[in-house]
Amino acid sequence: MRLYEYESKEILKEYGLSISRGIVISRDHPEEIEQQDLNPPLVLKAQVPVGGRGKAGGIIKVKNVEEAKRQLLSLFDKNINGYAVQKILLEEEILADRELYLSLSINRQEKSYSLVAGALGGIDIEEIAKSKPDTILKLSISPLRLINNFDVLAISNHLSVPMVRIDPIVRQLFSIAVELDAELVELNPFVIVGNTSVILDAKIIIDDSALFRHPLLNELPPRGKTKEEEEAARIGLSYVSLNGNIGIIGNGAGLTMATMDLLQSKGGHPADFLDVGAGAKSDIFRKSIHLLMKNDRVKVIFVNIFGGLTRGDEVAKGIIEALGSEPPKKPIVVRLAGTNAIEGGELLRKNGVSAYSSPLEAAVSAVSRVGGTP
Amino acid sequence: MIILHKDTQILVQGITGREGTFHTRLMMESGANVVAGVTPGREGSSVESVPVYNTINAALSKHPHIKMSVVFVPPAQCFDAILEAIDAGLQWVTVITEGIPVKDTLWLVNYARYKGSHIIGPNCPGLISPGKTKAGIMPASAFFPGDVGLISRSGTLTYEVGSGLKENGFGVSTAVGIGGDPIVGTSLLEATMMFEADSETNTIVVLGEIGGDMEEELASAIKEGAIMKPVVAFMAGMTAPPDKKMGHAGAILQFGASSAKDKLELLVAAGAHPARTPWEIPDVLKEITQNTISLGK
Amino acid sequence: MRLYEYESKEILKEYGLSISRGIVISRDHPEEIEQQDLNPPLVLKAQVPVGGRGKAGGIIKVKNVEEAKRQLLSLFDKNINGYAVQKILLEEEILADRELYLSLSINRQEKSYSLVAGALGGIDIEEIAKSKPDTILKLSISPLRLINNFDVLAISNHLSVPMVRIDPIVRQLFSIAVELDAELVELNPFVIVGNTSVILDAKIIIDDSALFRHPLLNELPPRGKTKEEEEAARIGLSYVSLNGNIGIIGNGAGLTMATMDLLQSKGGHPADFLDVGAGAKSDIFRKSIHLLMKNDRVKVIFVNIFGGLTRGDEVAKGIIEALGSEPPKKPIVVRLAGTNAIEGGELLRKNGVSAYSSPLEAAVSAVSRVGGTP
Amino acid sequence: MIILHKDTQILVQGITGREGTFHTRLMMESGANVVAGVTPGREGSSVESVPVYNTINAALSKHPHIKMSVVFVPPAQCFDAILEAIDAGLQWVTVITEGIPVKDTLWLVNYARYKGSHIIGPNCPGLISPGKTKAGIMPASAFFPGDVGLISRSGTLTYEVGSGLKENGFGVSTAVGIGGDPIVGTSLLEATMMFEADSETNTIVVLGEIGGDMEEELASAIKEGAIMKPVVAFMAGMTAPPDKKMGHAGAILQFGASSAKDKLELLVAAGAHPARTPWEIPDVLKEITQNTISLGK
């Protein structure tokens, strides 16, 4: 789960790090801006769980409070890279000669933590890593150990920031990552102003699998891009919105992705990725069908199941329950194989739904229903 | 076959749980030599006539030849369970559980290396050597014995492909699911190297996906000549959008990482045979087999 | 540094573990016993940094306070395995059906921590380990990890004590060992009384090399057996009192031990082990000679130096400074080899001290001076 | 010679300290190829014309072939310094410093194993291959080149024995001090095995002492035939009282552990040749050499 900037900064503050002064204003209560006691110049920052908001107009610098009030409402009206703006962070603008970068993340390749320091902060680190690799220092740190002096020293040397200034930041970065199960803690940028370092922007991504250990974080609302994503998250489905018009339900992430790829290769356009997981019962299928039925973008529903733990008869039961006595609002194409596929297929046919055993035939059928050219 | 022999002694952690009990029965039906189970507090009972112990050390004192543990315990208890298996000196720990915090896996995979133990998974279906033995949850009916080594980052896709092979007259020596998490104990390359060394495996099928760079690592090894057997590769997620987790915690196309298309192209450039969909794999294998036969003539 | 029982128990209490109620009474202030508000029966325990005090009469059980007062002074007069009693711990006696054993120590062989649980506590663990090995459970725990549930479960099973009761003890044992750099934390015995576990006796040994990290422990007075040992500790020498009459000064632990062994093999009896360490200057030799001069048990002083970092001229200078203008109260036999041995030997001879180059000849000479038969 | 070759590149940690500077000079005078030093904050300076860097990685970027670090930093900084050397991938870390907390060493020795690095010491004099190279503080004048492999838990005693060998016409291939602490990175057995495999070593001299059970481990290995070269053994501390640390943190005769006498008897029973004092060792060697010659006839 990617935390919003203001949530990330609250955590940094709890860990004793300095952040810019500011207040958070909700979409529904723009009058909250009246409570500010900040010193101009100020900056308005749209709180969206996605990168590149600066380029998308999500950051607005203002000279005074009056200007901030004017810009506030127009920023709430914007759509930033697909996300509506629910909250805006109004902060004092901090000017510094040098903007620096620091992050701690999990390195899949080396099976370690990666501590990355960049002498040029404030911009996309991957781009800098390509264009000016010398400005980036990457340390690989085994999870069996903690941060040590020599790590901090290497960063101090690389960024030309005294040990005493950088040491607490590096150590707290590590503490946050370990204690909160963060996949990424990124400070970009942070600046050195006199004797203190101030973090201007921060991004924390918490491991979804570890949320059970962090009740406060676990209670934060889901932050999907679309209404369906938020609803799917509440049902507990693994769901991603896509731009096409064929709704997909699969079991297993690999099979569901392969189904997307298959549809595309037959000229279709997936409207979603929906993985019911292993051993799903009929109620999960019923809810999944309901979700796609409600989605106006979806013109046909394609269910592709290879039964292992998942039983074909449960798939069929769920579909039949979802359809109810009414004729289906949208065509449903089902492909069943594996455990109890035959029983499931018969059950479906009795209820007027045809089931394929070949995924290719099923895919061609689904694409043809939306007028695609297979 | 790789990793297990027909008679390798297996232990099941979490054997008294619903999944543990169910799959212990299926494993034994598939030939697995499950000799002990562990559930704290349940010592003295038995599951499918397999004796249950409180700790792995208690199980080992009665069954000293156990080589592998198969872990079915819930995510929150997995750190403790896997560490117990590593510290007890088990050579293999196959972790079926999905949803283990990545921090736990990261630590355990490194600790296992230090202790000389090997983790398979987590979030994986385990492995099956059809007709011989099975450790995990793969449906035995989807596989037929043969000479194809099958490696996958995904569970259901493995069954789908195994089943497709079977329908087309191909069998597998071993099918191994390495797991869908960002950090897994056994990489695509490590599994491929085991098949390369296995005398019963003639071709290798790799089912990769977006996220991480295990496929890139495999491509480098093929390019360097470390793998001489033919490799057929499919990459799931050609149409996946960036920055979204596609079901698997590890299936995410991040900025700077290779797309499924990039991965497949790298593998093909290194000498692997591409399959555009999982259902094409039998055809690709037929072509390879024919070429091999005609070369053999 | 081996902590006294009462010091060890203070630490256990800080870590939230239950100990018997009691008060500490100093030798110089036996009236401190008046401050007690304990419930009889009571037990008086001599605080000595050595094992086997029970057999040596260092533990006295009493029915009431009057009896405790009577026994207090007689216990202060005792010598327990060579140690004078400086403090006595007066405690409520706790009776329980089962006495248990638990310790955490550093395992040299396996390069790990050893967690040992014994179903028969209150007696010498090594003896029990030999006579009833089945009552002992020994777990080897890598320093790269922490205590986990399965470790505690194994101990809970072995001791037949519920997890909830044993878990905090095991975890705190580990915390104490790691946080205080303990080589050994031993609870022997502890008992289960109703819903709580109470530690009746405890022994903690702190790693001398780690005392710099623990200022409070570092300030505790040295706890040598003899006056010389305490004085040597203050000078910073590595010194052990022995029962013989030939005072030994060597450089390097191995060479000094080998010198002891050599003297013994020639019929002599070492009065001490005194290792000046590597690269000692003249003042260390001067202080070492002074220490042995003051020791009435020492009849002859044998200095055996192989110079590496240690220079023979520094040895000679130190000896000459120690002797001053007076003729030596005790004969000194010196063997010098290695760095600047020739210079040192000449310097000594000029000042009337003969120096050998052969350690065997020197040893024979030293033994003959105390009337030994080489 | 073991561990180092004549030209092995060596780095000195704590090179700008008094001991570090002094011994860097002596090491180089003994042939050591010291190519870099590390002292945080002193990058850009040099010691005995050896360039100084802030970190080991900085040194490695200029001198990528460094194989060993010799550590002269104070005890409180050693944990950081040794960990840095291990994580930088150095194969050997020789730790001269005395007084490192045993908890630190315990952790580091295990971590080194996981990383594939080897610690010698701590609290050791390092090693010397006379006339070729030296890493540590052994006085070069005490040793002469030859075919005796010398292993010791004690510094000064090593010089004493080396000197005695030299006076009697014996030289050493390598003399290695493994350190006097309770936990050391390289055991007596590990050092002995290296000499066993070394073509330039014909006999092995082991200077053991009370405390721990490295000598017992060595005796078992000799008994099992893992060491075929003649081993001469001396054990210091025959007259040491129980439960007292004899100078070395690790030299303590604890209840239940073997005495020096026990250790020597075990080694002799396994086939080693005993020396009752360090000064007898040349005589024992002469006897072995004569027997070998007469057998050779």
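Chains: A, B, C and D, in written order; residue numbering restarts at 1 for each.
In the analysis below, a contact is a pair of C-beta atoms (placed from the backbone, for glycine too) under 8 Å apart; a residue touches a chain by one contact, two chains touch by 3 or more.
This one's a predicted model, so the numbers in the text were calculated from it and none came from an experiment.
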Pair with more cross-chain C-beta pairs in contact, given A-D and C-D
C-D
Going by the average position of its CA atoms, which chain sits the greatest distance from subunit B?
C
Averaged over CA atoms, how far is the centre of subunit A from the centre of subunit D? Could you give it in whole Å?
55
Interchain centroid distance [CA atoms averaged], subunit C/subunit D, Å
28
Please tell me the distance, in whole Å, between the geometric centres of subunit B and subunit D computed from their C-alpha atoms.
45
Rounded to the nearest Å, the gap separating the Cα centres of subunit A and subunit C is 60
Would you pick out the residues of subunit A that each touch at least 2 other chains?
142, 144
Identify all positions of subunit B at which a residue touches two or more other chains, and write them in rising order.
110-111, 114
Touching subunit D in the complex, subunit A uses residues 142, 144-145, 148-150, 153-154, 157
Given the complex with subunit C, which residues does subunit D contribute to the contact?
75-76, 98-103, 106-107, 109-111, 114, 125, 137-139, 141-142, 152-160, 163, 180, 182-183, 207, 209-213, 217, 234, 236-241, 243-251, 255-256, 260, 276-279
For a test of understanding, state which residues of subunit D touch subunit B in their complex under the given definition.
110, 113-114
In the complex with subunit D, residue positions of subunit C that touch it
50, 106, 108-109, 111-113, 124, 126, 129, 142-144, 178, 181, 183, 207-210, 212-213, 238, 240, 242, 250-258, 260-262, 264-265, 270, 273, 275, 277-278, 306-310, 337-339, 359-360
Given the complex with subunit C, which residues does subunit B contribute to the contact?
40, 43, 54-58, 77, 79-81, 83-84, 87, 111, 114-115
